[in-house]
Amino acid sequence: MLEYLWIVPLLPLLGSAVNGLFGGKWPNKIVNSVAIGSTGLSFLCALEAVREFFDSGQVLFHKHFFDWISAGNFTAGFDLQMDQLTVVMVLVVTGVGWLIHIYATGYMAHEGGYYRFFSYLNLFMFFMLILVLAANYVLLFVGWEGVGLSSYLLIGFYFLKKSASDAGKKAFIVNRIGDFGFMLGMFLLFRAFHTLDFQAIFTSSTLQGWPVEMSGNLGTLTFACLLIFMGACGKSAQLPLYVWLPDAMEGPTPVSALIHAATMVTAGVYVVARSHILFMHAPTAMLVVAIVGCATAFFAATIGLVQTDIKKVLAYSTVSQLGYMFLACGVGAFSAGIFHLMTHAFFKALLFLAAGSVIHAMGGEQDMNRMGGLSKKIRWTYRTMLIATLAIAGFPPFAGFFSKDSILLDDFLSEYGRGSHVGYTLYAFGLAAAMLTAFYMFRLIFLTFRGNSRYDEHKVHVHESPWSMLGPLVVLAVLSVVGGWVAAPAYWGGPDYFTDFLAPVFGGHPSVESLGAAAAHNLELTLAFVAVTAAFIGLAVAWWLYLNKPEKADGLAKSLKPVYTTLLNKYYVDELYAKVVVRPLLWISTNVLWKVADVAIIDGAVNGIAHETTALGDGVRHTQSGNTRSYAVWVVVGAIVIIAVIFFWPSGGKPVMEIVQ
Amino acid sequence: MVPTNYYVILSAILFGLGVFAFVFKRNIITIFMSIELMLNAVNLAFVAFSQALGKLDGQVFVLFVIVVAAAEAAVGLGIIILIARNRQTLNVERVDLLKL
Amino acid sequence: MLPSAIDAYRVLPELVWCGFGVLVMLLQPFVPSRQFFTFLALIGTVAGTAASVTAAMHAGPGFGGLVQSDSFSFFFRLLIGMVAFLVVLAAGPYLERERLPFAEFYSLLLFAAAGMGVLASAQELLTAFIGLEMSSISSYVLAGYRRDALKSSESAMKYFLLGSFATAFFLYGIALVYGSSGTTMLAKMSSPDLFHSMLFELGLAMILIGLGFKVAAAPFQVWTPDVYEGAPTPVTALFSAGPKAAAFALLLRIFATVPAATHFWFWAFWVLAALTMFAGNLGALVQTNVKRLLAYSSIAHAGYILVAFAAVTSMAQGEDGSSKAGPAYAAVLFYLLSYALVKLGAFTIVSQLGGAGEKNLSLDDYAGLSQRQPWVAAALSVYLLSLLGLPVTAGFFGKFYIFKAAVNSHLMWLAVLMAINGIIGSYYYLRVIVVMYMRESSAEATALGPVSFPIGVNVVLVITVAGTILFGLYPNPVINFILQPTLLGR
Amino acid sequence: MLPGGHLLSVLIFFPAVGALALLFLRGDDHKFIRIIALVVSLVEFLFSLFMIPKVPIGAAGYHLEEYFKWINQPPINYHLGVDGISLFLVILTTFLTPISILASWKSIEHRVKEFFVMLLMLEVGVVGVFLSLDLFLFFLFWEVMLIPMAFLIGIWGHERRVYAAVKFVLYTMAGSILMLVGIIWLYNATGTFDLPTIQTLLHTPASQGGLELSQSTEMLLFLAFFVAFAIKVPLFPLHTWLPDAHVEAPTAGSVMLAGVLLKMGTYGMIRFCLPLFPGAARRAAGWVALLAIIGIIYGALVAMVQPNLKKLVAYSSVSHLGFVVLGIFAFHNISMQGAVYQMLAHGISTGALFLLVGMLYDRRHTFEISEYGGLASPMPKLAAFFLFVALSSLGLPMLNGFVGEYLVLLGTYQRHWGWATWATLGVILSACYLLWSYQRVFFGEITREKNRTLPDASAREKWILVTMAIVTIWMGIGSTFITARTAAAAQDVIDQVEPQRAYEAAAPASTTPRGVTPQARRDSASAAAKITPTERLGSR
Amino acid sequence: MTAPLIVFFVLAALAVIGAVSLILQKHPIHSALSLIVVMIALAGLYLLLGAEFVAAVQIIVYGGAIMVLFVFVIMLLNAGIEEHTSVSKMAGPPGLLLVVALAGLIAATIVRSTDSIQSTLQTGEMSSSLGVSKTLGISNMIFKDFVYPFELTSFLILVAVLGATVLAQREKG
């Protein structure tokens, strides 16, 4: 199987093609069997491939299938590779993807364009797999752009809704802005290494003992890493390019779960992790990554506090969680970042799916203010969602706890070796973000499932979703619980499997190097305790505000009106972009470039010349007065001209005079 | 003995007067006459030069010129008659149907 | 010395043409049939053209150097013969339609041809003058051949008055040249001290004035549009092709044999060329009368030819001048040929489409021609494209050779001006094509149906189109002929 | 099998024969005429494919050469030849011709015969331009191509067709006449019109009987050629004929215009401007690149705000061709190949865009975007194709647009990272205008009642589009098939522009394409980058 | 001041006066008469130059034939006083200026180049003494050296006659 790794991505592509071309005429059953079949099959293939990979016991599997682009000394092969990092990603993508496919069959059952949906979804799987399996930046970029495309398609799935198509367009374009950086990053890397293959670059002899202009604080590498990180920001919705993700919620919920929570948006993290060697040599870039990640985590969390659209809350929480992952990478804890990526995939997918099930139950209602007290009506959804919430809020022993914990720990540790207080600051903000997360997540739970119902019982008949939807919920719930244990830190007993597992890629656990094991354990314990406390505070506040004294919430909102509205309007960032970038650009293009520069000046000049020439012609025409006497005078003029020229022209026929004399 | 250049200068003057007449007379016949005047100026020049060069061909040319002038006169006057017949005018300025 | 038979051979074409002219004139009262005269005239033109072969075979100076029979004159005699032939063919139907007497027309035409032949072969200024007068006087008459048409008589008058005005200048020039050089034989005007004689210089200037008028160089071009418009269209065709060519021939002769001329005339030609190109093209830009438009375009083309002349002058300066100037001569000759073909064809079409009394001459009458008479439209387009100088037409090579000559002699600015004019020109030529192909024909035009094109006219069109395209694809024969070093009998 | 010896001549004149045959058909039997035209063009396409095996991979220089004397004074020869670059441009032409014949199957109703005659004559001209190795011959075809195109626009175009046609011709003429002067000038200097001969002459020092132009002369000559090509491309300030021509032209016309004719400009730059006047090219490169970059961004921005769909596509080609010019004048073999590839890709994707726009026009007879909206519901298939093409045109990987764009930018970046950075902005903008217009045309509720009942793609249209789509994907994935063949030619051009650089780069680059130590590479690259203009001139 | 000079100046004055009056006369007939005056004066000058034959021809052909033709036509068309229109702007003041300029240019050049004429004059003096046989020489030249142009002139006359008839004949039927 490993030799035929290309089958793994190909299967979804086939599924997509088949559905896209013929699905239109088929009943849903066949369509979704094709879709699920192809993804499931590719999941199995992936598993098989992984097994073979471990059996072969090689550190890195790399296979060159064919030359895709080749010009001069540049060659981009269709090369796939597999190492531990890839394994994690592939399994997450195919696994979670598969579950969500199953879920979607239920969720989309009554939607039009069923075949389109699954065709797109499979297409996404294909590109995502390309992305994670690629063995060079160019091929990775294929997946990178491809997932962008499929997210564009899926967000705009309800293309009759303007908001939907807008959101899709926005997503694609913002991603393009990121890609602008990513491409430049690739160009720069090629300029430095004359290749874009991961192995060739990472094992490049020059990486050790870099000349200063390459690594160092402002070296080539720094710029390369920053440019690549720009791409990552676009894809993973980090500041300042996060704006598209909340809007992306226009897409069907399974899409939000799969693309905008579990997989695609983590591509940025993946790329950073993938190029960790470069980042290691670019301290400045690392710092930037950490800061951006941390800032995003906190910033998005604050917005999440006040959102009332259930999916928007989750969206911002996603942004914030992604921030966490970057934070981890920024401080060099790549394994922790990937770990959080994995667990987040589980519980955030779960959250979205559950939310989807809620929306399904409410018949499309998304506003939490019109929900409440659903816990009795849709028990399974409630239970699973609660688990997910606990996980994301970081309560032990749920998955989120471990991952978030290790990130915070690594932030804290990153202080060592740095004189400044950067590490502590990062940690502080991370912690705050964690607290906020706990708060808004429980706010969501309480508003949705507890308290008394705020919707019209007669209109909406709340009903539990079919098992095709609940099944995946349960599976994911289980994963959100146990998912974290693979990385149970030492003081929980059990070695940190996950880190060791990724060790061949990222190297050992940072804390172990930085200080003695014993001290490490104490520190971990204390930090864990602090984190959990923070989570509890968040939970408590949420409980107090939204269950105990609901009226207080409004009071608070009123008393802090400016803050509240600012948060509600997401700091007016969209408006800002519109004002500062979009509208001016359009205005200039229309009124300056097109109407003035193009039509008036350039074309005006051209037509002007033509017009002037015609006018001149008319002038010439009017010398033809038809009067013989005038003509005679013209002849006289001619005579004068000729005689004058012949006699008085300067240098008239000079050369001959010389010849004669 | 009269220097040749006197004759030449005289011919130039006559030629110039011919040009002047051509431009400033309105009557077609008179205009045509001014052409004859110019030709006469040329003839004078020819004769003068031939005399100065002591060659006779200059005088031969004069004869040719006279013949040509005669021919032109015949055709020219024919045309003038045609015009006069078609338009009942001999004023050259009234003959400007073709213009622009 | 007494003239001998050989001398007669060397001017045989002219003699033949004159002879047939007389013949036609004499037979006119006795033979009622009109077609007969057409045939006779055709025979005459052909015979004259054939005679030019004889003349070429007995190459050399005739009548003690009054005329020169060489490849150069051979070329022009052939050209003139062809022009006359085609004009006769085209004129037949026209005269029929306008109910004009045949015989006189043809004999005048033949005399005109003879005059041009003299002009093209003359080596002596007075002979040239006689030739010039012969062609001119018959042209005056031909211009006014539609007696009862006001325009025709007017054009005759203008042509006559201004023509003889210019002739006077020409003649005065001859006189001065004679006075300063002591001869009218071009061959004898090579003494270096003529370079310093102001009288000679003035004489050359006057001659240039006279010939400049004949070739319609600006600012002498004023007469051209009026005369061309007023004259019967076949005659216009003759004018645009014949006398112009002959005058250019004489100019080239003078260049080739009188070193001082090349020296004095260079800048004059530079200026004339520039002025003429612009005058012609700009004037044509706003014309809506096709006949007049073509008249202006012929001015413009005279300008292009003058560019080649400027090239000749600038190249002929220096010892091995004339040999260096070879390409420039070639350019002129080839251009005259291609241009004559095109103009003849175009004017023939105009004269046919003009209808009785030449009423339909405006561009609007040509709207949608491609629908009514596709082949005619195609032919006219070929001519226009050739005038425009697009490849696979003779006009393209004509322009190309002139460009080449100009660039060769470093007349960069003139070349650029010519390029600009080429663009201006392309506009109005295209306009005609656009009107023919991209506009729908007016109701009455469609009602009228296609204009009949008699056999003779079709022959003209076929010949001219074929020639245009043939020389556009394979100019070798012509070019080889006119590039031979002994072109001008040396 | 046809005689390989005269394959190129056959390629050039076969369509002419076809056109001639059409001329003598009865005018009213439209179906028959169409079929004949289609068959002719398809056969032509097959012929063109025969060239591929004749152009060995990795061998620079011209193949299948044909040479015999045509005009002896001045010595003009009928000299044809094909190399890696022209090979695919010819194939592109012969491929797009049948496509556009199919595209105008229904939409051309009056003067059908003339239409297809013109289309075939156009093909003659274009193929001739790509294949001729004699400056004069090249110019001849260059001009010949003009008239059919003008007719296509002027007779079968839309409202302001005449204006557009005349504008097109005059614009092009303005350039080409200058080029003629340049060609003649070159002839006077070298005494021949034969491209290879002139090339060698210009590249051998005067001491060895070669020809060395003075800087100013070289620059003037360069400009004489360059302006002509720049107008055709069209490069930024000379582009205003393009929108008019495109908007007014019939679909087939637009397809040929955008697909092939514009490439004649860039082809000319590669074939003439660079190899003949390397010094001038190097000195002008900065300015040209500036114009190209302005074109990229400017074109994209103006396209973004066009209310007229076809104008939008037209301006988008201004932007795309900017990439090509940039790639050419970056003098880097990667970007050069990218440029060549981008030409082909643009030919396909923009051609397809025009086809689709034409199909919309056939249904609604308007190009105004505001007239459309919500078309995805009545015509999902067209919508899908349109999206597909749009994506390929905005450079989505695995589709044809990406390869060229990426290579151009990559290569350019290696020499001038500044240029590349600016140019890369175009990548963002192209996404903006394409997706935005797509949204306005296809997404949302139906705004105009008329649109509700529009029919989806017919079988014929489907076949056209599927063909285009297949080519698009193939070019997106199998790019090496093409690049392998263009590589040698492109490298050759580069070497001629910057000989001394070629030597430096050759050493490491040729030995081991991939595994060479970055250190060495970096040295060579930086060394190349550091060459100051004066040094470059010094080497001439 | 020798006699010939005096004669010359008298005749020259006469010629110029005639020319000027040709311009000044309003009625064409008067212009014609003044032109005849010019011609006679010129004939005198020819005599003075020793070109008797030319002088004779001048009187007979020019004065006799051509001018009579003119007068005849004037009578035929009974042309009245020349009406003084000035439609042409070009031929107004600018025309005056230009014509004067041209005449001045020509005259000036000739005056400035008199020396060259002088030089030719000397050579002339000796050889121009073949007095009586001038006419003989002329005829010799016409029928030997210039026979070709001479013959051509005959055709020219023919053309003129033909042309005149074509133009002037009345429409038949």
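Order as written gives the chain letters A, B, C, D and E; numbering starts at 1 within each chain.
Note that a contact is a pair of C-beta atoms (placed from the backbone, for glycine too) under 8 Å apart; a residue touches a chain by one contact, two chains touch by 3 or more.
Computed from a predicted structure; not experimentally measured.
Under the touch definition stated at the top, subunit C and subunit D share these contacting partners: A.
Where touching is counted per the definition, the chains common to subunit A and subunit C are B, D, E. Top-ranked chain pair, ordered by C-beta pairs in contact, is B-E.
The chain occupying the central position, as judged from C-alpha centroids, is D. For the pair subunit B and subunit D, the distance between C-alpha centroids works out to 66 Å.
Here the CA centre of subunit A is 97 Å from the CA centre of subunit B.
If you average the CA atoms of subunit C and of subunit E, the two centres end up 31 Å from each other.
Each chain gets one centre point, the mean of its Cα atoms, and the points for subunit D and subunit E are 71 Å apart. Residue positions of subunit D touching 2 or more other chains, listed in rising order: 170.
Counting partner chains per residue, subunit A has residues 610, 621, 624-630, 632-634, 636-637, 639, 643, 647 touching two or more of them. Residue positions of subunit C with contacts to 2 or more other chains are 126, 130, 133, 137, 140-141, 144, 147-148, 156-158, 161, 165, 179, 182, 198, 201-202, 225-226, 427.
Chain pairs that touch, as defined above: A-B, A-C, A-D, A-E, B-C, B-E, C-D, C-E. Those residues of subunit B that touch subunit C in the complex are listed here as 8, 11, 15, 18, 22, 28, 31-32, 35, 38-39, 41-42, 45-46, 48-49, 52-53, 55, 57-58, 61, 64-65, 68, 71-72, 75-76, 78-80, 82-83, 86-87, 92, 95-99.
Of all the residues in subunit E, the ones that touch subunit C in their complex are 106, 109-110, 112-113, 116-117, 120, 144-149, 152-153, 155-156, 158-160, 162-163, 165-167, 171. Chain contact summary for the complex, subunit D toward subunit A: residues 167, 170-171, 237, 239-240, 298, 301-302, 304-306, 332-334, 337-338, 341, 374, 376-377, 380, 391, 396-398, 402-403, 406-407, 409-411, 413-414, 417, 420-421, 424-425, 427-428, 431-432, 435-436, 439, 442-445, 477, 479-480, 483-484, 487, 490-491, 509, 513-519, 521-522, 525. Residue ranges on subunit C touching subunit E, taken from their complex, read 1-3, 7, 11, 14, 18, 21-22, 25, 62-64, 66-67, 101, 104, 107-108, 111, 114, 118, 126-127, 130-131, 133-134, 137-138, 140-141, 144-145, 147-148, 156, 179-180, 182, 197-199, 201-202. In the complex of the two chains, the subunit A residues touching subunit B come out as 621-622, 624-629, 632-633, 636.
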